[in-house]
Amino acid sequence: MKMTRQQGILGLAFAAGLGMLTGLPGAAYAADDTIVWGKPGEITGFDAHVAGTVASWQMYQMVYETLLTTDDSMALQPGLAESWEQTSPTSYVFKIRPGAAFSNGRAVVAADVIGSLMRIKNPETASYWTAQLGTIAKIEAPDDHTVTVELEAPHTAFLAALAHVTAAIMPIKELEEGSFDPTSQLMGSGPFMVANHKQDESWSLTKNPHYWRKDATAPETLSALIIPDDSARMAALRDGRIDFTTFSNPDVALMLARDSNIEVLPQQTTNYYRMDVNAKSETSAFHDIRVRQAFNLALDRDAINDLVFAGSTTVDYPVPAAFGKDACHNTSTYALSREDRLSKAKDLLAEAGKPAPEITIMATSADPVYGRIAQVAQQSITEAGFKVDIVQPPVAEYLDKVFTKGEFDVSLSWLAGYTDPSMVIAWWNPNFAIWNQSFQEDVPALDTALEEVKSLPDGEIRDTKLVEICDMIDDGANLLALVSRTDYIAYRSDTIEVKVAKRSGSSNTFQFIYDFKSLD
Amino acid sequence: MRDSAIPAPVVDLDRVVVTYGGGLFGRGGFQAVKAISLQIAPGQTVGLVGESGSGKTTLGRVCLGLQPLSSGTMRFCGEAFGALRQRRGQLSVVLQHPEWALNPRLRCGRSVEEPLVILGMPAKERRGRVAAMLENVGLDAGFAERFPGQLSGGQRQRVAIARALITEPRFIVFDEAVSALDVSVQAQVLNLIRELQDRHGFGALFISHDLAATRYISHRIAVMYQGEFVEVAEAARFYGTPEHPYSRKLMATIE
Amino acid sequence: MRILLYFLPKLIFASITMLGVSALVFLALRMIPGGYADVLLGPFVTPEAREAIAVRYGLDQPLLVQYLNWLGALFQGDMGVSMVTRAPVLDEFLRRAPVTLELALLALAFALAGGLPLGILAGIAPPGHRGGILARLVGALGASVPDFVLGSLLIFVFSVWSLWLRVGGYVSPIEDPVGNLRTMLLPALTLSLFGIALVLRTTRDAVLRVMTEGYITTALARGERPFDIIRLHVLRNSAIPIITVVTTYFGFLLGGAVVVEVLFSIPGIGFFIFSGLENRDYAIVQAGVLIAAAVFISINMLADLAYALIDPRVGSGRH
Amino acid sequence: MFSIFGRIDRLSRFGFGLLVFLILLGLIGPYLPLGDPMRIGAGPRLSSPSWLFPFGTDELGRSFLPRVVDGIRATFLLSAVAVIITAIIGTLLGMVAGFFGGVADQVVARGADILFSFPAILAGLLIAAVMGPGQISAIAVISVATLPLFIRVVRSVTLGLASRGFIVAAQVAGASPWRVMIVHILPNIIGAVIVQLTYALSIGMIIESALSFLGLGGQAPYASLGSLLRQGSAYLTFAPWLVLSSGAVLSAAIMAVNLTGDAVRDALEPLKGRSLT
Amino acid sequence: MNNIVSCEDLVITYQSSNGPVRALDGVDLTIAEGETLAIVGESGSGKSTLGMAMGRLLPSEAGREAGRLEVDGMPVFDMARDDLRRLRRDTLGFVFQNPMVALDPTMRIGRQMQRAMGRRARAEDIHALLERGELDDPERVANSFPHQLSGGMAQRVVVAMAIARSPRLLIADEPTASLDASIQDKVIGTLCRLRKESGASLVILSHDVHMIARHADRVAVMYGGRIVEQGTTARVLGAPVHPYTRALLKAAAGHEKPGEWLTPIPGTPPLLTGRCAACSFEPRCSVSRDICRSSRPKPRTVEEREVLCLLAGSEAERKEVAQ
């Protein structure tokens, strides 16, 4: 009998089915000397000085080093700089760690540091970190291992800004020679280097043989699988394809509770969920400050904590709670009871002549948590009389509408707290932040205060100033803190040992990746 | 030239050619009708016989103004044909396949009425005309309310004829109008056409592959073969022995 | 010659269609709010940074110039570079194509293995026959359960009871054939359900139609066995509609079974285009949609060729 | 209608009954004592099905049953609106293409080809990206995906009708093309359009829910069956009732439409088999 | 002479969506070995149903309600499937109305011929058989697909296939109706010649009385699912006694003189839903009496033929004929 095409294909399928049934015993998934990271998102670009997303930062942190880093308590720690010294309110001396070398074996020298910082400051690079570094008057290298920086004005957060991966130190010699392209390659002096990258699929990192720390417990290879979907990532964790990953959804602990070999570690961060209220758009009800204030008062932050985060997080303030400052606790937004706040909000709306303003909350669709926060917020502010819609556009559209065009009423996202209070609240000055100029009202008094606090050393005077600033921020109701953002690190306790900081200020979740250990 | 006392033919074809195809890769195309000339006088039926693919139907479409000519001319009642819309009510058609002759979604009365609607006749006047016309074709007025699906093949062809005649046209094409009917019903319809022609005096082109029926109804018969007339003669000639061998072959089927 | 004449116009129409697709996708992408600058810089987008990126990727030029440049490069086999990785898009597609192809082939195999026999059964089963009703039920179910519902269900079942098959991810069949099968079977199964229903229903209808044809009566009249009638007459004559839907389905699978690839985190073409769109990585989406359309159109042309081989009347100008 | 009903088989009758039930449920849902679909914190978060919350509660403590009932209405309504608009446009275009032929036909047929060569979901992603997520773009996506179906079917049926006796007779009687199309062609293709409409409706429901599932459909807290699935899929392994209930209802709704479509088609153009003995 | 077909009171009913339709309302018929019988009737008279019933090739919605039909001594409606298949293969040969429909468009003629002839048929055998069917270039024909042949050639192929296994009974259902008039006669001539060569019986089902008159030995006229008149061709068509046969001959164009009018039969053929309790032709009959409305005619022999008419041969009827 002649075999028809259909029959042929049928046979193929049958063979496939047979193969499945009689299948060979499952091969081990990951090689023994590898730990596998379930990465929720692919990087958005290679240039560490430019890209502004956590998904990118987390990968850069595997490869690049910064001059300084921070510890659990946000205190600055030596990084690529073995030591540093502030010789005047505006001058700093950094000693580069001897033995630090890029993955190609070339030692890190002062020129790399200067070149990197100058690259950030270079307008052509278009780095958003330029402002955070303050204004550098002079940067010099007395010798190969020493860098001196002279600022034009005192800038308390200067060191903290250097501790963020956006201030990564790149191999400038190679960059200038053209053998390293920072926009399509990663090459740093950090613990790992990239061996292989398949976009949207996987990364394979191997140890940087020239890394200055020689006491690693981490295995030779760190691979990363890109698995954006929470459920798929949980499944991968369960079946052992990945050893560790992160989630933003607090319910993962609940969902992974039955798996005794999976641990979930919350990592407190200085980051918090926030709402940007559009004060500048003429078409938005929030052009009227009273409507903004009413909105801020009507937001039920406790409900967000209870309903979205199952009570696992805390209400947060413009000066992140993680810094341990109580700067904002006594503003009416936080101090009054819900009833009082609601009635005050209604009064404000009545006063503004808009008892039922129609507004739209815009949140990106990137993370389901936003949608949940938006819905709880919707319910709570509806009680004050607002009429609320929610839209969840994709990230690009969201960013375009909010930060470029300013076409929105309320936008929901989160704010990186970094490692110093002055760094976060600095964003309230649109002249400094720039990115929020589309919706942030410029309050000169606040700008001045923010400028002042930058140069104040940590202490009581600064704390008093912070309270003052917080009152102004609360009064403007332009950029609202909601609740703390906790990262959840889930890992297989039977396959790896992890070391994770209890608190993190720079989204440096895997700061101690070099101390991870494979148990296989 | 023509004597004014003799009425002009309703249809006057002069060396008409119809070519199909020859589009994209333009290699000549296919001549369905090759330089045919034909006159049909008022009150006269011309029968057109030939096998399938001989060009009968195309010629019928030419006479109805539905088929653009590749060359040659067509005159209607002595004038240039013009647009079909200008000829409203002057010509009509009855086609094969009784099940598709009428719009299955329209009541028969509406179908018969339609040519009058197109002419713009007021509704009141139309109603009476339709009833009269249905009676004319041997159907009682109740048929106006029926849908084609409720009618037999013969009845449907009667309704189609009623529709064709409602505007008292000068010319009607019958394209295989009785071919799908059974013998007993075929005779009913053939007789009806003959009677109505006697009464209304329209010119007609009767297209069929059935020589027996064509001979019965026509005054003149044109035998078509591969796009050409191989014989055109008085119908009576086909009761004897026609000239052309192909005509004789056709005759064999009814002897 | 017959086949060539039949094919040439189709080829011309296909080119027109491709040109239309390319213009549409190009225009659509430029109308999408937000650009790669937004994605790369997050909230920290400044006009300067945006400008720098626009210049780098030639986005500062007039639309028509951009389009013509792209088309021109395309004809030289250059699909541009990804904005994210700055790697050539073509290489990326070539890397992903086998993944999607494997998924599509597996799904197609399941769809045919399930749909054809059941469809034939439903087509020849006398009314009220149990097999026929079962087949219809499978057809109705398959056409009604969306792939992401079935996929979710499978993910649930296979991740809660950690059965042998794996949920999500991708393993190269060269590195680990068994592991590859373990990860690909669930998504392929998910994708195939609709295919099973599609093939089943089309086969049933086609067989029912063929069964009323005169040559079936002829075959019966000359005393053929039912099996021979199916083999010789029914299958061949009902092949055209079946091939039509199978190719449409396969084209759809290759063009990116986006939902399933996203659901199971499979780095195939659909996923690539999806994330390209999210990232406003124009080159990827443009190339991706164009490739998907090209695949779809070529598969349809292959189907046309198959018609001409199966039915000698096709292309002969007579039907 | 009833004579049609008598002619269809039990499976189709079941489908039709299910469709009527679901549509009724969607319509009168808001008046049933099922609870408030929007009330956040109506119960504990993610509680499993109980007497109080028959479909359990979602991650914001909302009762899931009224949300599913709401979703039925949203899904049906949106798909139906989209498909009906598309059917009207597609029928018009298909009729014009089939009846006039020539350039009009080429333009329409090529256009349909171009639309058809975009894999539906990719076209959906693009359109949703251009128009922004939401109900309007979901309607546009469904239209683009199903338009070629209508154009192709209507065009081919119109082509078949164009040579019919009553069409030729009307043309010969001097009827304008529009008159021919509206009086003669339209009533005779409406059956084919309705059959296509039911299939397009099921495709539309699948597309709507797929878009919502990818987060590109209607926006929260608006609930369509697809967005509920998306919402529940985050808790798939922990609170499977969310995905299972909305998935089952969605599948049942699509199946009801499909089976009804089969019934309509069987009634309009019965396909009778022949036994092989 | 033996009978190849014998049929007694055969009743066949179709189930339709509008209820049952009775296609055969009690048919009594025998066909002798070697004879050519023509069954004449209009559409809906039941002639096709009768022809297909001889091979039990009716669609599934048709069923035998009563009566008996034997072909070559075998009870067609009560046979095992395999026996039925063998009967079709070895004893029967069918020629259908439209050869383009009857041939599989996707299979070459040669292959289809081979299926009809049996597995062992060689190319030469196929060519020989095609030649017997008067196809000039058998090799080309065997290599062709059906659409590459003209209607006349295709029908010759069908005829050749029908006689491939030397059947004892050939059944031709309107064998020339779909062919062009100019070749109808030749094709039917071929069919008759082949029948004569093989000595088989031939049943021609047709509405064309002229064609039948030329080729059939015996004629059976069907109306309303019954055979209303049967006898030798000369008798039945030359001197019909049933009013329907007479009316049919008068209505058919072809034998009228120039200018003469045909006499149509008024009304339309009946559509039976059950057993007809009267004469089914009565509503259209020009000589009907009260009795025709109240009793069902039984077969009678009148003037050397069997006829189903209560009045045939009666005084009144003779008067009518004389007019």
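So that you can tell them apart, the chains are marked A, B, C, D and E in the order they are listed, and the count of residues begins at 1 in each.
By our rule, a contact is a pair of C-beta atoms (placed from the backbone, for glycine too) under 8 Å apart; a residue touches a chain by one contact, two chains touch by 3 or more.
Predicted model only: the values in this text are computed from it and were never measured.
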Identity of the chain that, by mean CA position, is farthest from chain A: E
Relative to chain D, chain with the most remote C-alpha centre: E
Centroid distance [mean C-alpha coordinates] between chain D and chain B, Å: 47
Averaged-CA centre spacing for the pair chain C and chain A, given as whole angstrom: 38
Rounded Å distance, chain B centre to chain C centre (Cα mean): 52
Rounded Å distance, chain A centre to chain E centre (Cα mean): 89
Shared-contact residues (touching 2 or more other chains) in chain D: 129, 132, 233, 236-237, 272-275, 277
Multi-chain contact sites of chain A, meaning residues that touch two or more partners: 231, 234-235, 393-394, 397
Complex contacts: residues of chain C adjacent to chain D: 13, 16-18, 20-21, 24-25, 28-29, 31-33, 123-127, 133, 136-137, 140-141, 143-149, 152-153, 155-156, 159-160, 205, 207-209, 211-212, 216-217, 220, 226, 229-230, 251-252, 255-259, 262, 270, 273-274, 277, 285, 288-289, 292-293, 296-297
Chain B partner contacts - residues on chain E that touch it in the complex: 42-43, 151, 180-182, 184-185, 207, 209-211, 247-248, 251-258, 261-266, 268-269, 284
Chain D-touching residues of chain B, taken from the complex the two chains share: 64-66, 84-89, 91-97, 100-106, 111, 114-115, 118-119, 160, 163-164, 167, 173
Of all residues in chain A, those that touch chain C in their complex: 1, 4, 6, 9-10, 12-14, 16-17, 19-20, 23-27, 29, 42-47, 50-53, 123-128, 181, 183-184, 197-202, 225-229, 231-236, 238-239, 241, 393-404, 413, 434-436
Residues of chain D defined as touching chain A within the complex: 38-41, 45-46, 59-61, 129, 132-134, 215-216, 219-221, 231, 233-238
